[in-house]
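Quick heads-up: structures coming right below.
Okay, so subunit A shows up in both of these, paired with subunit B first and subunit C after.
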Partner chain A sequence: MDIPYTVQPRPDIGLYNAKLGIWLFLASEVMLFGGLFSAYILLRVGAAPGYWPHGWLNVWLGTLNTIILALSAITTLLAWVACKVGHFGKFKFFHACTLALALSFLCVKMYEYHDKWIHYEIKLNDGTFADGHMRENDPAKDYVKIEGRIVNDETLLYDLRSQGKIKMEELEIPRSKIVSMQNYGPWHNTFLAIYFTLTGLHALHIIGGSIVIGYLWGPGSKLWKKDPERFTNRIEVSGLFWHFVDLVWIFLFPVLYLT
Partner chain B sequence: MSESHPVDFKSYFRRCVYVFIAVVCTTSLMIAASFLPHYGWPAKVAMILAIACINAFVVAGFLMHLLSEKKLIYTVLGFTVFFVAGLFVLTIYALHDFPTGTQTH
Partner chain C sequence: METTVQQFPPFREADDHHGHDEHGHHEDIGFLRSYVFSTDHKIIGIQYGLTALCFLLFGFFLMILMRWQIAHPGLPVPFIGSLLEKALGQPAAKGVISPELYNSLGAMHGTIMVFLGIVPLAFAAFGNYVVPLMIGAVDMTFPRVNMASYQAYFIGGLIMLVSFFIPGGAAQAGWTSYSPLATTIPTHGQLFWIVGMVFLISSSLMGAINFIATIIQLRAPGMTWMRLPWFVWTQFVTAFILLLAFPPLEAAAVMQLMDNVAHTSFFLPTGLAVGGQLANISGGGSPLLWQHLFWFLGHPEVYVLILPAMGIVCEIIANNTRKPIWGYKSLVYSVLAVGFLSFIVWAHHMYLTGMGTKISTFFQTTTMIISIPSVIILTCFFISLWGGSIRFNTPMLFALAFLPMFGIGGLTGLPLGFNVSDVHLHDTYYIIAHFHYVVAPGTIFALFAGVYYWYPKMTGRFMNEFWGRVHFWGSLVFMNVVFMPMFVQGMAGMLRRMSDGGANYSAAVNSRAGADVIGGLSANIMSLHTPIFWGAMCLGLAQIPFIINVFWSIKHGEKIKNDNPWNSTTLEWQTPTPPPHGNFTREMRVYRGPYEYSVPGHATDFTPQNEPPEPLSAPRISTAH
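Then we have the complex of A and B:
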């Protein structure tokens, strides 16, 4: 038995099944990210004065990822248009571009995550704080080496934007002076917790979308020979999801990197 | 993405170029606004989010074809906007709702 309206739109609503389905799914996705954004507002407004980070994330890397995602949204649309006009070769090219751009986005994100992972805040027994990227942390040695700086006031570690260019130097810190040491993982503070949650969930969407796009580019493209209209609809639906992922980033970038 | 209109590759390509330029411009504006001196945090956030909304409108309107979609999709999105707005309003309302006697910042 054939399922009706997989290709032709329903006469009552003017949409085929998958298109209605993806819009309902995207509506639920808006609620998911909306909940997390409202959690961000709660944490941001509830933070004690001077204890919400500014300038912790690299604006230029965030901008690069914005451009990459915008380009990938465009190549997705062009892949659909290529299907619509019957140019399968162009479809293959533009979808391959989308996949390459998605991979580039994830590479930049991984670099940013790694940068946070090796960044440490070290509380010293004289009340000061050492902060910087870990260079040597061998348990057999009685010191750790970081490339960073020492500050007297912890709040100086939060607002980096107002301090201009900060001079970093290699510091050798004896373990006997260390009271506590923690990297900039999601457990470090509420900003990093919500940063990793939001961007991690977004990255999972990128990975999921890439798998679908990869399937439609590779083995799934066999459908083009049998039923080009249905295949074109699949490209449209996956494209709508991809544009949504781009839309989420359009708000994530200013909220996390710029404010 | 609408299926009811004839599709022309060249006109779509041109549209994509305009959208990309718009995205680059709005992103640059957001970055510039975030570095503006003499403005407080609330003013900057309002400016940046307003620009982000324009950016989102361009992407949703032209790339997702939301400007020429069917009525049912607008209805679904209308409900979504209503519930998300409710979520934000309730969150902001809750910011001032502390149990009696607890210390706040």
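Then we have the complex of A and C:
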């Protein structure tokens, strides 16, 4: 029993099976991220005045990651072209680049997550707020050390963009003055919740795509000898997925970093 | 569409020498590979069918427990009460169903019936078994994805079942899982529900991609779009709905998971108090957001439930009236219209949320518009009956009963679609009666019809006709005994989700102002609980002949005399019985539409789709029209 059109496109449709399948899958992915983006919109318009953060994320790191993913889109395309024209060695090189770029994207992302993880907002008993990166938080000691600042008005912590360069200094805060203390995890507010969820889901897609591309680059590339056409199709299909993941980032970057 | 027919690669005879065909045609691949981890669409279809029927029975059993509790609040469940207490512990102490357990039963009845019972049976089981056969395909496009789809469904179902036995029991926030309720109930049932749903969503995603790709890519030569049996069209539209409507629920499930596990506030508003205490959350979330995302799936899901059922009814009506279905093109365009419109009606479930009258007006308008293609579909079926020489066999009886039962369900939906009348009827038993008429005597009757109709193709034997009729009449009578009184109760103002059937509520209101004031429920209304309970019990009894019939007929049913026992025109009857791996033993080429019954001048009263045009007719210019 042979299933038709696994390699050659069906003439009246113009697609082979897997290519149609991946396009359908991507349609559902659009709806998945669409649901989360609409959640972003509803949460943002529903936020209390002055409490939707601006300038919390590092635009330069975001730009760096955008460039990394854009480059990886190019290498993915070149890897497919190399297969198309029969240069297996070039394919290996370009997809090695794709994998390296994916890894660097994840490293940058991990640094950004860590940066938020050690960033604390501390409510003090005199009504002010200390805010900054945790430097020392030893339960045995009766103080915590942060590198940050103290503000009177909490909304100052939300709009960082209009304040110009903010001066950070090392502060030692006695535990007796602390009312509550929370890091910038997803529980901190709805912006961070949607930020971690969206970028986390996107990072999962990067990891999943890397596993597939890594498989096709390593053990899966044996198919090249047996059936180069079929292998090229696999590179095309996984490439389509990769381009979609890049495209999601093109939406994430302005929505989360620039607004 | 006209000229491409000749370009298809020639059909390959079934052969065994393909090295990469891991399945082969010999029977030596072992029991596990043949029946458990099979990639054959027919086996997967049967797996889906049997599992889904078991879940339907289980969901029915949950309902019986609930009806007992409503009819006899506070009394221990007879016979199985002690068993319940042993299995579930505190929530069923002394064999009495506690309000918490009642909530679990309600939430899981809905979840199981919709996501584990009807959708897998209507879409995955019938779709898997019948669609590739109907379009003349050897299998689904992605057989291994198909297998993974069933496995994901099975795991999702197991997670849902296991959740009954964890401390605190299964999810209690209704099948709609509205936040913040779903997040603030301090048990882990909701967590299991979400994880189970993620598996079920993945399963239906894989199924949907497979169905669409199969219908687009694997149609036999000559099977043009307008020659597809209408059942295939309904499955096609259903697959698109599943593909595009489920992911937003997955997004919502991810966010609710974050709310439950990472203590985010996606759906938790500022100032939320739990148990009199201000909750320790950041707030700022939106409960309405969950409802929008849920109903963005939830309403298209209604059409996932009903469209395949309509498709089955269409095939059976055409076959048993022995005449072409009336208005094939109208049916095709209507099902496409329904599929599209189903995406823009969701907020009619939310009129009472305070989302604003302008939004209500928009969704009320689209809701009225979507009833137009639905009515066209039903009207086509009714007109198809006109002047037919109808064969009243069991599948046809169920298909015929579908029409008025679905009609009642559909028409009683109109007052719910208008936001003014919905204010009164919202969340009452009226809506329970309404959607059960659509799904229970509607969809489930069509599914029974499908089982009786395609059973001979799966096994080579008919199901027993006499017991089929007993099953039919019992089901028809008792379905109505169960659901008709609920319209009355609902219009009298009885709310759903009250674990004692409104006894306490009524007593409190009536003691203040005397019986029969607004808000109180009269003794007449309350006394309807008892006949509903016994109606449900009898409905259960009426299913016993069906269950026995399904298994007994495998060995003892009347043997079919040829591969096409119903004298049908569609391709699934042009295979050996049961169809082997690879389905067809000769080339399938399609020359005509799906419902050529009683064609004047033809020797038989049916002309199969693959029968070539008669040689004496006009010279062949093109094989497709």
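We adopt the following convention: the second predicted complex is superposed on the first by the 259 of 259 C-alpha atoms of A that agree within 3 Å, B and C clash if a C-alpha of one lies under 4 Å from a C-alpha of the other, contacts with A are read in each partner's own complex, and residues count from 1 in each chain.
To be clear about the criterion, contacts are C-beta pairs under 8 Å (C-beta built on N, C-alpha and C of every residue); 3 or more make two chains touch, one makes a residue touch a chain.
Model, not experiment: these values are computed from the prediction.
S.K.: Please work out whether A:G46 is in contact with subunit B alone, subunit C alone, both, or neither, and reply first, second, both or neither.
M.R.: After superposition on chain A, A:G46 lies in contact with both partners, subunit B and subunit C.
S.K.: Tell me which partner A:I13 touches in the superposition: subunit B (first), subunit C (second), both or neither.
M.R.: both
S.K.: Looking at A:M168 after the superposition, I want to know if it touches subunit B, subunit C, both of them or none. Which is it: first, second, both, neither?
M.R.: Neither partner.
S.K.: Thinking of the overlay built on chain A, is A:L201 touched by subunit B (first), by subunit C (second), by both, or by neither?
M.R.: second
S.K.: For A:G35, decide between first (touching subunit B), second (touching subunit C), both and neither.
M.R.: both
S.K.: Who does A:A27 touch here: subunit B (first), subunit C (second), both, or neither?
M.R.: both
S.K.: Considering only the touch criterion stated at the top, classify A:I211 as touching first (subunit B), second (subunit C), both, or neither.
M.R.: The answer is neither, since A:I211 touches no partner chain.
S.K.: Does any part of subunit A touch subunit B in one structure and subunit C in the other, and if so which residues?
M.R.: 13, 15, 20, 24, 27, 31, 34-35, 38-39, 42, 46-48
S.K.: In the complex of these two chains, what residues of subunit A are touching subunit C?
M.R.: 1-5, 10-13, 15, 17-18, 20-21, 24-25, 27-29, 31-36, 38-39, 42-43, 46-48, 51, 185-190, 193-194, 196-197, 201
S.K.: Looking at the complex, which residues from subunit A come into contact with subunit B?
M.R.: Subunit A reaches subunit B through residues 9, 13-15, 20, 23-24, 27, 30-31, 34-35, 37-39, 41-42, 45-49, 59, 63, 66-67, 70-71, 73-74, 77-78, 80-82, 84-85, 87, 90, 233, 236, 239-240, 243-244, 246-247, 250-251, 253-255, 258-259.
S.K.: List the residues on subunit C that touch subunit A in their complex, please.
M.R.: Residues of subunit C touching subunit A: 1, 4, 7-9, 12, 14, 18, 21, 23, 25, 138-139, 141-143, 145, 205, 208-210, 212-213, 216-218, 243-252, 254-255, 258, 262-266, 270, 281-282, 284-286, 288-289, 292-293, 296, 581-582.
S.K.: Inside the complex, what are the residues of subunit B that reach subunit A?
M.R.: 1, 3-4, 7-9, 12-13, 16, 19-20, 23-24, 27, 30-31, 33-34, 41, 44-45, 48-49, 51-52, 55-56, 59-60, 63-64, 70-73, 76-77, 79-80, 83-84, 87-88, 90-92, 94-95, 105
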